[in-house]
Structures are given as C-alpha cells and as structure tokens.
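Each of the next two complexes has chain A plus one more chain, namely chain B in the first and chain C in the second.
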Partner chain A sequence: MNLAWYWTALIAFGIVNFLLISASVLVYAERKVSGYMQNRPGPNRVGPFGFLQPFADVLKLVFKENIVPTAANSFVHSLAPMLMVVIAMASGALIPFARGVVIADMAVSVLVLLALTSISVYGVTLAGWSSNNKYSLLGGLRSSAQMISYELSMGLAVLSVVLISSSLNMVTIVEDQGGGYGIFAWNVFRNPIGCILFIVTAFAETNRAPFDLPEAEQELVGGYHTEYSGMKFGMFFLAEYVNFFIASFVIVTLFFGGYLLPFESVLLAQFPGLEDSILLMIMQIGTVVLKASFFAYLFIWVRWTLPRFKYQQLMTLGWKYLLPISLVNALLVAIGVIIFS
Partner chain B sequence: MTVSILFFVLAAAALTAALGMLLSRNPVTSALWLILNLFCVAGLYLTLNAEFIAVIQVLVYAGAIMVLFLFVIMLLNLASLPDLKRIEWKRIISFMLGMGLLAMLTFIIAHALDVMPDPLSLDLAAETGSASSLAKVLFTQYAMIFEVIGILLLAATIGAVVIAKRKPV
Partner chain C sequence: MLSDFIPFFIQLGIAIGLSFTLLKAAALIGPKRANVIKQGTYESGMDPIGSAHQRYSVKFYLVAMIFIVFDVEIVFLYPWAVSFREFIAAGVGPGVLGVIFLFVIILAIGLVYDIKKGGLEFD
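So, the complex of A and B:
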C-alpha cells in the first residue's frame, strides 16, 4: 500500500507523539504498580490520583543544571543520550499499528528491527566510556557484553518466526497469523518456545530487571548514567521506557497476532461491510495497543517481582541455556515447516 | 536526480569519516568514525536499491563487529597517540596528486580493455537484490561454496576457543 508522503509524515508525527506520551504514562504506571505490589499507595499528590506526577518530574529535570564532568569527552557525553532516544524512537517506524498504518513498510523490516536493536548498545557503551568514571565504564561494558550474548538467541527466535511465515516483512508476518482457527494461528501457539525465548531476550536487550546489570545501583551507583544530570539523564529514562514499550509492540507483532482482532476472520465473515472501514482500523489500533499494554505491564510486573541476576548467572543463562535451546528450536521449526507445508 | 544527490552526499560523508578514522589520535574516536563510515556505505547500498545488503551491513558490521571492537578498546584502555607536531603539506599534496593520477589511469585502462561491468537499472537491481532472490542463488548455485565457508568459520571459532582456553597447570 503506497501512501502519499504527507500521510506517512502525519502517521510518523502521530506515532512519535504517542510514544512520548506513553513513556510518561508508563512511568506513572510503573510507580503505581510498584506501590501496590509493596502495599503502599504510590504517587498520589500531584493531580487526580497523582496522574500529573511524571509531568512534574519532567519539568524538574528540564530545570536542573546540566553537569558535564571535567575529564569527560564532552561531545560523546552529549551524543550518547541522543543516540539512545533516536534509536528507540526509530524502531516505532517498523511496527504496523493497523492494516496499512505503518511508516516504513520495507521488504526486510524484521532485519531492520534486529539491526536497530544491535546498534542501540552504542548509547549505553558510549555513555559509560565518555563519563570517565569507573562505575559508568563498568556499566557500559556489562551492557555491551550482555547485548552481544543475548542478540544471538533473539535473532534465532526471530528466525523461527520468519521461517513460519516465510517473509521478512512485518506486515506479512502479522497477516500470516490471521488463519482460520481464530487465535490459534498466532505464532505463540505455532512456536511457543520461540515466543518464550523472544520475551526473555527482549527483557535482556532492553536492560530491564532482572537483567538490569548495567545500572545495578548496589554495585555501580547508577551504572552508565551515573555522571548524567538534568534532561540528559531524562533522555536515558525516556529511552528506557520507549524501548520496553516498543519491545512489547514487537512481541505482539511477531507472536500475538499484531493488530489482528481475535477471531477477525469470523467477524469479517459476519459483517462484510467492516472490511477496509475506518471503524476496523480504529479497532485494530485499539487491539494492538491493548495487547502491547499487557506486555508493558508484564515488564513492570517482572521488575518488581524477581531479583537481579548475578553476572555469571546472566552469562550462563545466555550462552549455555538460551542459545542451544534457540538453535534446536529453529531447527525443529524448520523441520515442522517442511512437514506441514 | 535525488539518487545522484544522495550519492554525492553519502560518498562525501563516507570519505570524511574514513579520513577521520585514519587521522584521529584517539582509538575510541577512530572506532566512532569507522561506524559512521559503515553507515554511509549502507546508505550507498540503499541508493542502489539493495535493501538487504544495506541492512546486513548495519547488522553485522556496525551492530556486531564494531561493538566488539569498541568493547575491546575500552577494556584495554588504550592511551591516545601523541598529537602530530607538524603537518607535512608537501607529502600530503604529492600523495593526493599521485592517487588522482592512478585513479584516472586505472579508469582509462579499464575502459579501453572493456572490463567495466554494464550498470544494471535500478528496477532490475531491486529485483535481484531482494533477500529471496539472493537466497535462491546462494543456496542452489553456490551452496557448496557456502557450506565450505561455514566450515571455515566454524574452524576459526574452535581455534579461538582452544587458544583462549586456560592451560592446566
């Protein structure tokens, strides 16, 4: 589907703003959920139910002084947070939000997504190096080691999905999951091991707990962002929340039917007038946001439930368990595709 | 038209990045210039309608190999080289003139011998540069060579592991 360039620009504008606002909503959600999990009310002073708390926080961050350490490499020190935010936002271009609502419908969009994931490590690593602080450097090094280790398993989990739908295009992968069995054509039912692998590696790639070793407070003060203040720190914060929201969208797109409504083919057979209508588009956007919100909640839930891994546990899990499992899974899926097609 | 403008912008950026990589005295800055260069080359592939190669370039070189480079540079904590005391303009100019002459001569000889490949049209390139057509050629016509390269890489990996393994004391 070829849209005029101004439509694409409009959709892009909408998605970027949606991501920015969703980041502040997620910050609020995280603090509220963690509050209830620890039997306390969470933020409840600014605005109704404390809903304006994230906006107050952002305002505070904007007004704070920007401190650059004397011995730091000031150019790279400013570049790192920008890289983080830009790469996090760029992944939003590849997610199909409804039939035809996608900014970049490339033939190889899954690979572009993997490429963006793999270069997002630069933000953390460069932030750690340029601060000229041993804790920051350790955080940056941990992050790059972690990302290199989990990238392989993630790539193999994605490969198993690509094998099933025999396409590298995200829209085709979503449409491929709309088969005749209602929700049972979703890749989570056709490739359950790949789904679990992808979710675990997504946690690791977004540096969320229990894989948040790059910023382990007890050992590294604040990790890679120890030497950042003001809005530059805010940008790391923003990038983290955008990252895990995008990761939820990717999980939904690859494994949970993306923008497809549950039992969409049945619904369309009942109401043929719904096809290609605005109502269906709105319902699809609502569906994908709802599904992604569930996974965003999962990210928060896991963070406040599980303790952090130790470093050698992280490496053991990545190389000795996840990598062999994902290799075997890719092989089994390939054999399955040959048998069933 | 847009493609040729993009080509010159990207080529200029790639050359600048390559020069920056060679001339910078700090290893981390050098690595950053090289990453910029790799991205520019990926952009050049995109202007040639070779989406797949462009993405693989970013994924493999910028995303994996350069991350490893940067990781090692940071671990070794290399000091910057001392700054250059004086720049020898005579040498630089003569080098540039010599390279220009070499490029011109090479072009003329290649033209005269008629060994330059005919440029494909961009539409044809989009057709043959896609992932599926590439895979079809790679896994049928060149399957044997592909497997041999795979075994070679595996052997290199095993060699690295054996060398890195701790010797029993």
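So, the complex of A and C:
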C-alpha cells in the first residue's frame, strides 16, 4: 500500500483511537465479566448498564494529582509509563486488519513485533527501579526475569510459524493460511503445539494472570506501579489492556487465519464479484476483530479462573518445560515442512 | 526496503504524541499540593529503611546471561527458517535440517548442564 504520508498518518491516528476505545471497552468487559463470574453485577451505575464507567475513570485519573516521590528519579519515573503506552500503540501499526489494510507492511514485521515486545520489558523495569521503592524494585526485577524467560519460547513459537510460511511478513503469513482446506489451512491445525506455546507465552509477556507476579498484591502491594498514581498509573493500565488486545490480534494473525473469513476461498469461488470489494474488506475487518475479541475474552476468562503461579513455578515452567518443548516443536515443524513440500 | 518503515515511524510518532498529551494534560489539569508525607516512599506505613537502590540477587543476572545465549541462538535460527523452503527446493532440505539439529543439540546440552547445576532453581 503506497499512500501519501498524510493518509497513512490519518489511518494511524484512527488505529490509535480504535485501540484507546477498545481499551476502555475491555476494562468495562473485564469488570463486568469478573462481576458475573463472582456472582455480582459489576459496574452498573454510570450510564446504561454501567457502560460509561471506564470513561468516568479516565476523567477521574486526568483530574488527579501527579505525585512523584522525592526519592524517585523523576525523569525515568515519567519515561516508564510513556514507554509502555508508546510500545503498545506502535505495535498496532503491524497488525493486518484486512487485505491491504495494514499501516506498516514491511518485510520483517514479525521481527519488529518481537523487538517491541522486548522493549516493553524496559518500561516495567525502569518503573520499578525509578520509584526507589522496595516493592516496585522487586516487581520490576521479577517482571524482567519473567518476560525475558518467556520471550525465548515466544520467539521459537513464532519461528515455527515462519518455517511454515517462509516469510517474516504478517500479511504473507495470513495469506499463507488461506489454502484450499478452509479453516484447516490455519496454522493452529498445521502447528497446534506452537499455537498453545504462543498463547501461554503471550499471557506471560503481557503480565496477565496467571503470570501477573510483578503485581502480586499480597506480596508486593502494587508491584512496579506502587508509586504511580493519577494519569501515570492510568497509562500503565491503558498499556496493559492495549497490550493484551494486541496480543489477541497477533495470536489471530499468526495462528487463526488473521483477517481471512472461514472458507474464504470457497466463498470467493461462489461469488467472484466479491473480490477486492469494499464489502469483503468490511467483512474481513469484522472477522479479525471478532476473532481477536474471543481471545481478549479468553485473557479475561483465564485471569478470573486460575490462581497465580509462585515465582519458582513460573521460572520452572518457562525454562524446563516451555523452552525444550518449543525447541523440539520447531524441529518437528521443520521435518513436517520437508514431508509436505 | 527502508521506505517500508516510514509508516511505522509515523505510527510511532503519533503514539509518542499521545503519551506526551496524556502526561501533560494530567500535569496541567491536576492539582499540585505537595507535602512531605505524600511525596514519601511507600513502605506499608513505616518510614522507609534505607534506599531501594541496592545490589540485586545474582540470580537475576544468571537468568539474563542464559537468556542472551538462547536469544542469540534464536536470532541465528530465523534466517534459516525464512529460507528453509528454498533449501528444500534446491534438494538440500534434510542436510540443512541436520546441521541445525546439531546446532540446537549443542545449546540443549548447555541448558541441561545449567539445569543439572541448579542454575535455574529459585526457591
């Protein structure tokens, strides 16, 4: 897609706004779902069914004082939440939303995504270090150890997808899943172990339960954001929700056919006029958002179902189970690629 | 192509603008009533004992070092993964896989050694 820079900027602006609004919807969804899971109604006072609650929360956060502890390093204290928001929002540029609707369609978009994931470790670590608070520091250290441990398995799970589609471009990876077998050409059927590995590591990378050790309330108060309040805390919160929505999009893109409709090739053979039409584009955007919403729901569902791991359980799972399994899986996929080509 | 990255940098710029706006808006609108107790470091209600900027446990460095070894390994595997189908088309697929297998085995021995030595015990 070769648009003029101002059109790209407009679409990028639209996607940032889309992510902002979806983050508020996800906050509402999480509170409502957790409410129903615990047999209580959840937010139901602000607006119809409490739907305006996240917007009221944002307004409240903006009107709160920006407290920087005297002992903290004030520059890094502000840098950390900014870094988190910037990384979360920038990842949105790499997701293909429909055929031809992707902001940055570069040859190595998967690598850029992994690089962005690595940088978000800095946000948490710097937040923990700069607060000069023991709880924050422990939260930041735990988080960096956790994120780098699970990054390896995540990299290897992505590697097995790259082996199948022999490309680092997300659009090519999606189109590669549109073979003649309908949904059975999706990578989840060609590489099921890789899919499970990627979903598990995505939970760990986004610091969601059961991997939310950095903010284990019983031990570490608020973890790395103990000393954050007002809008800076809101930015961490926003980044967390955007991150797991982006993670859902990446799971869908890599393993569940991305924007492809189920049995799209059959549908296009039936209605040839549909190809390259606006209708197909809208249907594809709807499909990818629907699929990603399911995985966002999965993130919420798991958070309110599973208890948190202990630290050594987490490291044992990452290093002694996931890493060997993902190494073996990558080699098995390579053998499969030789057999099926 | 380097020009493929321009849209990404546009998005990055918008994201930076957004985070600046959020931070500045809150700093402008919010009240500013500094006070010694409020600006103090939180330590469950006690006066903080010492600074948090101390030495960390060596375990964290150990994890980081093992991470770097395996991360570099994965970086080496990516070019192979991208061009693996070309190797197969050229008829050398199994041979190349054998070489990669050897490479992974060497690093796996390192991982097993590390686990046996207790480098990944965290109790």
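Throughout what follows, the second predicted complex is superposed on the first by the 340 of 341 C-alpha atoms of A that agree within 3 Å, B and C clash if a C-alpha of one lies under 4 Å from a C-alpha of the other, contacts with A are read in each partner's own complex, and residues count from 1 in each chain.
In this section, a residue touches a chain if its C-beta (ideal position, glycine included) is under 8 Å from a C-beta of that chain, and two chains touch if they have at least 3 such contacts.
What you see is a predicted model, and the numbers here were worked out from it, not measured in a lab.
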Practice task
Using the superposition on chain A described above, determine whether A:L280 touches chain B (first), chain C (second), both, or neither.
Solution key: neither
Handout entry: First, second, both or neither for A:V121, with chain B first and chain C second
Key = first
Practice task
Mind working out whether A:S78 is in touch with chain B, chain C, both or neither, as first, second, both or neither?
Solution key: second
Problem - First, second, both or neither for A:E151, with chain B first and chain C second - result: both
Exercise for the section: Once the structures are superposed on A, label A:M170 by its partner contacts, choosing first (chain B), second (chain C), both or neither. Expected result: neither
Exercise for the section: For A:G140, decide between first (touching chain B), second (touching chain C), both and neither. Expected result: first
Handout entry: Comparison of chain B and chain C by chain A residues contacted
Key = C
Exercise for the section: Check whether A:I95 is in contact with chain B, with chain C, with both or with neither, and answer first, second, both or neither. Expected result: neither
Practice task
Could you give the residue numbers on chain A that contact chain B in one complex and chain C in the other?
Solution key: 106-107, 111-112, 129, 137, 141, 144-145, 148, 151, 168
Practice task
Note which residues of chain C are touching chain A in the complex, please.
Solution key: 1, 4-8, 10-12, 14-16, 18-20, 22-23, 25-27, 29-33, 36, 38-44, 48, 51-53, 56, 60, 63-64, 66-67, 70-71, 74, 77-78, 81-86, 88, 93-94, 97, 100-101, 104, 108, 111, 115, 120-123
Exercise for the section: Would you pull the chain A residues touching chain C in the complex into a rising list? Expected result: 5, 8-9, 12-13, 15-16, 20, 61-72, 78, 81-82, 85-90, 92-94, 103-107, 111-112, 129, 131-137, 141, 144-145, 148-149, 151-152, 155-156, 159, 162-163, 166-168, 221, 226-227, 230-232, 234-235, 311-312, 315-316, 319-320, 323-324, 327, 330-331, 334-335, 337-338, 341
Exercise for the section: Can you check the complex and tell me which residues of chain B touch chain A? Expected result: 28, 32, 35, 51-52, 55-56, 58-59, 62-64, 67-68, 70-71, 74-75, 130-131
Exercise for the section: Could you please specify the touching residues of chain A with respect to chain B in the complex? Expected result: 73, 76, 106-108, 111-112, 114-115, 117-119, 121-122, 125-126, 128-129, 137, 140-141, 144-145, 147-148, 151, 168
